[in-house]
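Letters A, B, C and D name the chains as they come in the text, with residue numbers starting at 1 for each one.
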Amino acid sequence: MRKYVLLRGFYSLVTLWLLVTIIFAMVRLTGDPVAMKGEIGADATYLERIKHDWGLDQPVYWQYTGFIGNLLKGDFGHSFEKSLPVRDIYFERLPNSLKLGFAAFVISLALGVPFGMLSALKVNTWWDNAGKMIALLGLSMPGFFVGLVLIIIFGVQLGWLPVLGKGSSAFVWSNPATWAPFWFRDWPHLAMPAFALGWYFSGAMLRITRSGMLDVLGSDYIKLVRLKGVPERMVVAKHALKNSLIPVLTFAGLNLLIMVNVAVVIEVIFNWPGVGQLLYDGLSNRDFPMVQGVVLMSGLMIVMLNFVIDVLYGYVDPRIRLSR
Amino acid sequence: MGEPLLEVRDLKKHFPVGSSLLGGVQGWVKAVDGISFTIDSGETLGLVGESGCGKTTTSKLILAAEEATSGAIEFEGRNLAELRGRELMDYRRKVQVVFQDPYSSLSPRMRVGDIIAEPIETHEQVSRHEVRSRVAQLLELVGLRPDMSRLFPHEFSGGQRQRLAIARALSTNARLIVLDEPVSALDVSIRAHIISLLEEIQARLAVSYLFIAHDLAAVAHVSQRTAVMYLGKLVEVADSLELCASPLHPYTKALFAASLPSHPDEAREEIVLSGEVPSALNPPRGCSFHPRCPFVMPRCSEQEPSLSEVSPGRRVACHLYS
Amino acid sequence: MATILGRATEIGGVSRAARRSYSWVREIPLVPLLLVTVLVLAAVLAPVLAPHSHLDPVKPTPGQCQAKYGMADCPYVDNMPPFWFSQGTFATPLGTDYLGRDLLSRLMYGARISLVVALTGTLFAGAIGTLLGVLAGYMGKWWDQIIMRVTDAWLTLPSLVFAILLSSVRGPGVWNIVLILALVFWSRYSRAVRGEVLALREREFVRLAEINGVGKLKIIRRHLIPNVMNTVMVLFSLQVGVAVIIEASLSFLGVGVPPPEPSWGLMMAQERESLMQGKWWLAVFPGICITMLVLSANMLGDWLRVRLDPQLRNR
Amino acid sequence: MTRRTGIKELLALIAALALVAAAGEAAAQKGGQTPILSGPLVKLDIKEAQIETAKGKPKGTFRIAQHFALDPGWLDPLEHIFALTMQTYDYLVHDALIKPMPQGEATYSLAEHAELAADFRRAAFRLRPGLKFHDGQPLSTADVKWTYENYKGAHAKLFRDKLEHIQIVDDRTIVFHFKEPFLEFMDLYNGAVSGIGWIVPKHYYEKVGRDGFKAKPIGAGPYKFVSQQAGVQMDFEAWEEYWRRTPAAKTIVVKGIRDNAARLAGLQTGELDLAFGMTGKVLPQVMADKNLRWVPNFTSVWHLAFPGYNEPDSPFHDKRVRQAVSLAINREFLVRQETQGVGKVWGNWISPENRDALKGDGKDLPLPEHNIAKAKQVLAQTKFPNGFEFEWFVPFVPYFDMGERILTDLRAVGIRGKLQSLEGPAFRAKMGQGRKGFPGNRTIVQNIDPRPGGAKATIGVYAVCGSPASIVCEPQIEELWTKHEASKNLDERDRLNKAIQKILVEEYYMVPIYWNPFVHAIGPRVLPEGKGIERYYDTLHAPYPWPWEVWEVRADR
């Protein structure tokens, strides 16, 4: 087991290193950031100065090693476009993304899990078909379409919900007094983006719940419980639900990360100041350190979660750790 | 008797255990641990043993799918380990195999004509037309209609598939065919057909078989000579008839007991094996069979018996006979 | 020989099995197939069926110019509503956009872009991913290590983010989107295909071919690739929908198909403001088209998955 | 009813302004009396500041939407960029010695008096008495010197190279000595063009460092910085001790909102009070909304340019092709569609706001013609009688709709291309490299440049061979330009400058389209009600309504 964990950990590190390298290379292919920053009519010395400030006058391999070295120290560099350390900006934005991600997550669970269960319990009935249809619609409607429709209906026509940003409550790390209010205020701002984001994932959640539930309901164990004469309601509530939620939760964990990290389009549409918007700004401004930082942080989270899942599964099922 | 077609001398195959990116080798599994036998032209040698005894590894070694740790396999007088390029390809052409599972041994996405033709195309430069006519002949040889070559394997029954596998093995005029439990996956009613097909083919084409199975009675029925294997070693090699009549090694006796019920009028000692097959990673000292042997002597746990000739053509590895 | 020949019952079984394998025709889901057919027909026959040019404005009548701008003549009349509104006409059944171009014609040509981009992009991704997955699974050793580590790293990159990043390297353009989709999605295939090949590698027909001395390339080509095609097909059908959404999202964000070509995502982005003025149809129709295409692709994908994977028959 | 009170208020305001102006003039005559420099001086055209007496407490929150993401770097004048965006934040937090104000392009701010020696080798300023930074520390000539010496932004090299030394006469008096005549000094030192005149507090900057300053700057401007979320929002609070007047709005919140529709929605839901860049599809809605007001805010002129036209293999090498492009554009209709008729079809590509620009309204230069038949006829004489396909049409970001409209006009004569919707920085990067930014010689650029510094500055960037951003490079123009640069005669300079402008337009090197209204939409909370908001837009050459301390909004409820 120890060796398995070490090996998995080693793989995770390799994956991270590859990710770092891919991102480093890709970002450098997108064009010269200095040219972007230099305004039309800027003189050459101004550009040279910026280049020097950003360390872009050094050879690429030196930039690379320096970049890795700084990463190990937890330093993601300075944002070109936003002029401050990437880490500071990222952690300033992260709570907003977490708030949106969690809300969307709750919505996706609230929509996906009950409907998924219903589908599984009434398999091949009208309920099941309706559930399948909802899941498919969720997966088939682009987030920006849902977002636009929501804005037009609830924001502009009905005027019920604000359409801009996250409201005035901000999460300030250095000020614990802001921590709790941040989570419990400005819900109207949250409603539409969270729904638009959660809607997409609810489809996937529904499917996972349904198939997990079907697996469990078809298992010998449940058959045995039924044979014993346990009432169906108890079978579902006590035995089937508990067992079928494990894959759902595993999957949900990944989904949560994805929602936190890549809600780019939704954040752009709703002007939600999360890391997705940060990434989009960074990409369009060739803000290398910003893009690197955001993608690496999201990569780090995903790799870490995968590692934890691998280890847990390996712990639960010894066959997995031998097969690799 | 001239030179044997295949001669195996002191063949060993040891697998490392516990080697990985982190941590060194923790031990060795001695899957095949010094076996020797020969197969003559047109002869069938049976190889019997429980699962995990090293039969499959032996067949892999002979099929050049694994490299031996030590020892030699000589085919037509030449050492397999020294064959390279064209010579190795020639060896592969002459040594074919029929596997146990006819469902797994035929690619489900290829037409049977192509499956049978594959070795031909691999080894010979012949026209498409000739390939087709040879496939047709082969199909007929194994008792199938030539027009079936356009069908896919899933459209055949298990017995038919095994016929296809045999046709394929014969497609390049093989000299030796390794039959790795060729009938164990088939219905009992079909087994006899396949066995007699194999026998007919041997009679016509004078190929040699290495017939591997766990069922001693079946093996002895098919083959001229039979070798019994236990934990990577041969414990008894004998003429099949002799072996059936009077098995010497306690393990052989046990195998007979486990095999089809003996004939009522045959007087044979019934041995029932107790315990599990020991781990090949950590085999018992001395005779590896001694923990399960009903005739165990003190000497058995200390000294390993060698495979020695007790009568002409008959070799046994047991302290009872030395 | 006589004992061997003439197993009539076995041979009879052949045709029964063959007949059985055609019954799937009856199980095809009709609604999504119909939708896809309509969209494909619209795309293929757009030059014939489209009532107007998809790039040039519809020439207005003097009456329309007078009514809209109070001018005797004008190059185009923008934002005509669909026919069921009082100012709508059947000449432009779904109305016109801000440049007076016929919405219906643009939607039809938009179907071309969506289909071509999504299908070819996914196809390339499938080809790359399958090849790498087969190599990793079959060649093993350092092939496997390298390919799978890269795949893992690739999978950690969120697809849309990666696509945006790539599109800022390559610039806008239809074929660049195809390339991007291929580069983004290959990792899904290689992961799945590798797993499949690991199992196939142990199957006896592959070992048989190896023992026969069949070359590695030939084994890959004749034995492995045909046998992973089921998995690839299922993945393909599910990825096409995602590819449509990615293309639309990229175009929506302005890094996809360049105007004036009518990509659905682009049309939605361009008419976002119109949406707020109550001219909902300009953005909603392309949205519905995207949803329809992705929905039917997903439904067909589901059906295919059930068809090709017997374990899922009852799901 | 409301209208009458509105007018009353307006009258009262005008009277008040007149009084203040008179007072300011009197003060200026008094302050300007003691000379600093010896010897002959250049007569400077710097307007006096208007110090307005307290008008009660600041009230209300004023919420502004910038049309792109916010950069904390804008808060640091030491790293001033070339674009005019940054001045918005300079005008909030910082203050300059002299800067553009409604009174004139150069107006005394922190300085109350300035002198420039006739040999252009010395410049002197006297600061106002009693200046302070937000933290209460005094603002002295030491800060002015330190800012100059630590400045790294636009034109920094020029300032550094020309400088001999800085002489601090006393806390309020400072003299710059130059190695050689520095003719442009007063123009460049003016807050509109560079950051060097915006004074940074030495003590604070040295304490908190570069990042610290950008994260939380202090200055001597009318608004104190409160907090920011990088890229998204900045909050400012009125600094009641600002020397010129008490700021009217208590709080100013600036948000970066890229999306036009989102800005409009924000105005309509009352989440915003002022949104920039509201032309195109949102303008009709702004106009139709009774709660919203808008100002045309004319800035510069839209024009097309043909980078790489001078390569022989470029389709735009032929003047007649460029002429056909110009003839194909239906400017009247374009103005109507893009700006609801607010914009003005214009015949020069340089803004009429520039003092030395030829007027493009038919007087100096003719109004451009729209004539498809003629365009086809002209094109028929070229290598491309039926038109041709060019590569990219690259519009100034984010005016993609306008670009597509022009592209559609061009299709009518058979000139077809695709639209390249770049992001802002990418567009600027390409433009900044001039012809090199658009390889392939088959590109049309739709550009606009609200650049301060007169027509000469714009020509110097785009239309001479030596500029990095050069698009036009013609021997004929080069000759005139060399003469212009060498000349010390202002009249001759003006004549040459105008001759170049004429060539650029008549040869269709630059194809003017229309004079752009950079429409700002204003919500109902901004005072005064109804009309009268134009008074916020008096500062010359400003795409944005500076200064900010005059904006009044309704008190928060």
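Assorted remarks:
Here, contacts are C-beta pairs under 8 Å (C-beta built on N, C-alpha and C of every residue); 3 or more make two chains touch, one makes a residue touch a chain.
Bear in mind that the values here come from a model prediction, so they are computed numbers and not experimental data.
Comparing per-chain C-alpha centres with the mean over every protein C-alpha atom, the closest match is chain A.
A count of C-beta contacts for the chain pairs B-C and A-D puts A-D on top.
Using the mean of the Cα atoms as each chain's centre, the chain most removed from chain D is B. Between the Cα centres of chain A and chain B there is a gap of 56 Å.
Separating the centre of chain B from that of chain C, both taken as means of CA atoms, is a distance of 51 Å.
The centroid of the Cα atoms in chain B and the matching centroid in chain D are 90 Å apart.
Separating the CA-averaged centres of chain A and chain D is a span of 40 Å.
In chain D, the residues touching two or more other chains are 259, 265, 423, 426. Within chain C, residues 168, 272, 275-276 each touch two or more of the remaining chains. Residue positions of chain B touching 2 or more other chains: none. Those residues of chain D that touch chain C in the shared complex are 259-261, 264-265, 280-282, 284-285, 330, 333, 336-337, 392, 400-401, 403-405, 407-409, 411-412, 418-421, 423, 426. Taken in their complex, chain A has these residues touching chain D: 31-32, 35-46, 49, 78-79, 81-85, 88-89, 92-93, 151, 155-156, 159, 162-165, 170, 268-271, 273, 277-278, 281, 284-286.
Those residues of chain A that touch chain C in the complex are listed here as 11, 14-16, 18-19, 22-23, 26-27, 29-31, 123, 136-137, 139-145, 148-149, 151-152, 156, 210-211, 214, 258, 261-262, 264-265, 268, 279-280, 283-284, 286, 291, 295, 298-299, 302-303. Only residues 55-57, 69, 74-76, 78, 98-99, 168, 171-173, 254-255, 258-261, 270, 272-277 of chain C touch chain D when the two sit together in their complex.
Chain D contributes residues 69, 71-73, 76, 79, 81-83, 152-158, 211, 214-215, 227, 229-233, 255, 257-259, 262, 265-266, 268-269, 271-272, 423-426, 428-429, 431-433, 449, 451, 457, 460-461, 467-469 to its touches with chain A in the complex.
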